[in-house]
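Labels for the chains are A, B, C and D, by order of writing; each one numbers its residues from 1.
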Amino acid sequence: MGVDLSVEVLGLKFKNPLVLASGPAGFGFELQQYLDISKVGAITLKTVTLNPREGNAPPRLVDTHGGIINSIGLQNPGIEEFVNIIAPKLKEIRTIKIGSIAGFTIEEWKILGEKMDKIKDIKAIELDLSCPNVEGKKIWAKDEELTQEAIKAVRESTDKPIIAKLAPDVTDIVKVAKKAVNAGADALSLGNTIEAMRINIETGLPVLKLKTGGLSGPSIKPITLARVFRVAEALEIPIIGIGGVMNWQDALEYAMAGASLVGIGTAIMVNPQAPLEILQGIESFLRQKGVEKFEDIIGIAHRGGF
Amino acid sequence: MGVDLSVEVLGLKFKNPLVLASGPAGFGFELQQYLDISKVGAITLKTVTLNPREGNAPPRLVDTHGGIINSIGLQNPGIEEFVNIIAPKLKEIRTIKIGSIAGFTIEEWKILGEKMDKIKDIKAIELDLSCPNVEGKKIWAKDEELTQEAIKAVRESTDKPIIAKLAPDVTDIVKVAKKAVNAGADALSLGNTIEAMRINIETGLPVLKLKTGGLSGPSIKPITLARVFRVAEALEIPIIGIGGVMNWQDALEYAMAGASLVGIGTAIMVNPQAPLEILQGIESFLRQKGVEKFEDIIGIAHRGGF
Amino acid sequence: MIEAELIEKRTAKDYGLFKFKLKEKLKDPDAGQFVMLKSPDEPILAKPFSIYSYKNRKLTLFIKRVGRLTGKVFSSPIGEVFYVRGPYGIPYIKKIDRDKKYILIGGGSGVAPLNFFSELYPELVYKKLYGFKGRYIRELFEEQSSLVIEEESGKTVVDVLREVYSEGLGVLACGPIPMLKTLPPGSYVSLESVMGCGIGTCKSCAVKTKEGIKMVCKDGPLFRKEEIQWEWI
Amino acid sequence: MIEAELIEKRTAKDYGLFKFKLKEKLKDPDAGQFVMLKSPDEPILAKPFSIYSYKNRKLTLFIKRVGRLTGKVFSSPIGEVFYVRGPYGIPYIKKIDRDKKYILIGGGSGVAPLNFFSELYPELVYKKLYGFKGRYIRELFEEQSSLVIEEESGKTVVDVLREVYSEGLGVLACGPIPMLKTLPPGSYVSLESVMGCGIGTCKSCAVKTKEGIKMVCKDGPLFRKEEIQWEWI
């Protein structure tokens, strides 16, 4: 008996719920040598900004107990190069491609939305409203009003589905989520990394050059999972659950809490083959439970469980 | 050469910077059989509420990668029993005792403050504004205005030093911290557990009876550390850094980020002797570095390090 | 915490006997008491395990593999170092009526404390009923006659108890909640509960009794069946 | 990832040679390439280690103990299972001028890739200078003549390089940044950097070059000294 892992959401049919989260998988080209990307439901491409960005000075990464802290700082070639050089090659990446953008002003959001809108291979657009790693930059998702404005700006520039990627470390995630939905988001990504740091006790200074960075990995899973649960409880909106998914059990927890799709970032860095192991695990769990469709377990924790 | 570990703050002289955080150490009586409490700088007693509380139904605890999630729900005998039965025995606990209170209304905060004020053995009062584990209860520290009101209420009822224990999972910790200081807090505890959950994939239901609980332990350390760093950068106020301190390196990171005192909760549960190992580690680190006073490294990360 | 080196292991599927050599001795361990066992890395939390046997700094635990720590113990090679502290909890002998003889009823890993009890207090034991589902468990035990194996006889320990029980005998039980609930009035039941500290400070292991909330770690693990408000658990 | 069982270890203080038996073979490993090594539990991140030697699924790493993962390797008993993936990075041989002979200069754990290079391309090696602080390191190596030990001679590898270097020779170096900075123009330097993925996707291991940001893992680890904007590192 086959198990149907597909998920229909945003008007798209994902062959399975696994999405490579924006960042750790880059644009997919390098990763492709180590992972058959056609096996995952989708890839969210590395976030692109209006202008090219070098990213932050090193060190950009440090690990902690159960996690890693990064301060890459949105290193990317900028939207022009993306449109002209990257986009034409995207058909090589044989799964659903979600574009990711980050504006520094409302105007930038608009332009980025328009540019992405024209790329045929991009099936949905994710707004990275929550990257904590750009010095001096406001984190959009930490302000409901800004969140709303950014989404509106992109909403006006494209008919493609819009995914708002929110920050988990806000006082009231449900409130921000509602604003995002009202502003026109078709789905929410919950969440991003959480501002964190490590200090090198030998030098007495922060380990990262930027001082702080964003925590990802197993450490944040129970936190983001609770955010997904809360939002799914309060709103009818597709959710991509992202944060600390390292194995199939983690992925299932997110689905049960209400996530239609599950993103993986850090796990890809640890082991590029991780998605395949996760998919296998999900499939055999569902088979053993006699569940025929993955979609049946989405949000089951809100419906009394099995 | 001896290293001076003492810290003078809040008008009190702590023999060393280690504080047993509120909760895991109870009122200290049971713990005393397994740890010589006179060796630690202070103990913050388990939070007391106006009325006795049974706490939540079990399971109340589940572990995660790098952490634990608890939903004890402020099980405590209530302020009357605390005053009449517990307080008279507190002299057995031979270190500085910080009382911890949690009100459900402004009126309750006031009463609790007054009752604590009269207990001679209590040298400072911590306001637990941030417990995430009481069903239906607002988390005070998630609202700046409420934070301010609660602190003001207690401020009026006591001259003892007041410590406001804030939630790390707010949008802007510096903003809340400022309000707390303006309202009359003499110090800040940063922070408390972070709302989190686990789902049992076999049943499809949350593991904890309360559904969500508060995450503590190594997982949250890099997060709370960044909060301490931010607040110490912005404000001149003594900070008790709390969250995921498991070893002496963790404790030093908090001190370097700007914490005058360092709280330990989960580590006490894992190993009641942990404080002694931590103190030993701090002492030999400082000796090796040629630092004579612990106070010299407080906030050193803001002053260019060693 | 005390260093505990794994020096012997014998497993049968999801059950196993593990012998640890401790760096220091435990202080007067008695039957019904437990130790908190900690892995050198993950999970960070120490977990409670009843003493199955103890002699000369050699501690034997009888463990069922259910999750992370128990999984780690099962997969560890001889020589792996864990940490223990304890013993904690009130010895059974301090709670029970010493003028009775007892039927010891164990379900699964609940057999552990009963084994230690029967080692220390053989004169108080009327009969031992150690219940398991599968017959593979026979590999682990020398004393085969105490085993009640559902796969073989179709009977659970509770079925057998009904056959051998008579007024005047005591019942001392440790095992799953559903099993404990069916025991005759007056039975002593040893409860399991998720624990944090094991010493009564953290309030993780609450159980509701007729006299209010009690902590399994400090006030138990043994209770009289009637004390417990079962619906709360 | 490939299961890698620790089958041999030899340590001297904070340095050690560790031989792993892999479950599958590495694909054409070449000198200068590295593997990502992962502990079965903490830390969760895999970390880069140059190949010191490789033959028949036996991988030897030369490791300096500096933190969590390296600490775990040092404290692991024979038989412990780790995970590796790779090889990654561009082989030195593809970047260097093959018409020259090279002085190999290694500082500390930087010796690892140079050892593999001298095994595979002995004909390109003019001289080996492996620098260490303490003489205890002699225990680990058979070939003693390559060692430059500060404690013995008061000289660093850079001092010795100045004595033996002459125009026309190449320099291939791996070691700490301060050492690399003092090398003659035209030297090839193998950089270290904190890595996440090891394959060019995550952008953790950035280095600034004359041609913009490059990734040490994918575009390196070997660079010409002149390419690097040292002040950024």
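Following the convention adopted for this analysis, a residue touches a chain if its C-beta (ideal position, glycine included) is under 8 Å from a C-beta of that chain, and two chains touch if they have at least 3 such contacts.
In this text, all values refer to a predicted model and were calculated from it rather than measured experimentally.
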Chains contacting each of subunit C and subunit D, listed by label: none
Farthest chain (mean CA position) relative to subunit D: C
Between subunit A and subunit C, centroid-to-centroid distance (C-alpha), Å: 45
Euclidean distance of C-alpha centroids - subunit B vs subunit C, Å: 35
Centroid spacing, where centroids are CA-atom means, of subunit A and subunit B in whole angstrom: 33
Touching two or more other chains - residue numbers and ranges from subunit A: 65-67, 218, 246
Contacts with 2+ other chains: residues of subunit C: 42
Pairwise touch network: line, ring, star, complete, or other: ring
Contacting chain pairs - touch in the sense defined above: A-B, A-D, B-C, C-D
Subunit B contact footprint on subunit A (complex, rising order): 64-67, 69, 142-143, 169-172, 194-199, 201-206, 211-212, 215, 218-223, 225-226, 229, 244, 246, 249, 252-253, 256-257, 285, 297, 300-301, 304-306
Footprint of subunit B on subunit C - complex, ascending: 1, 38, 42-46, 68, 83, 85, 193-197, 199-208, 212-213, 218, 232-233
Subunit A residues within the subunit D interface of the complex: 23-26, 30-31, 33-34, 46, 54-55, 57-63, 65-68, 70, 72, 75, 217-218, 246, 266, 268-273
Parts of subunit D lying in touch with subunit C, wherever the complex brings them together: 41-42, 77, 79
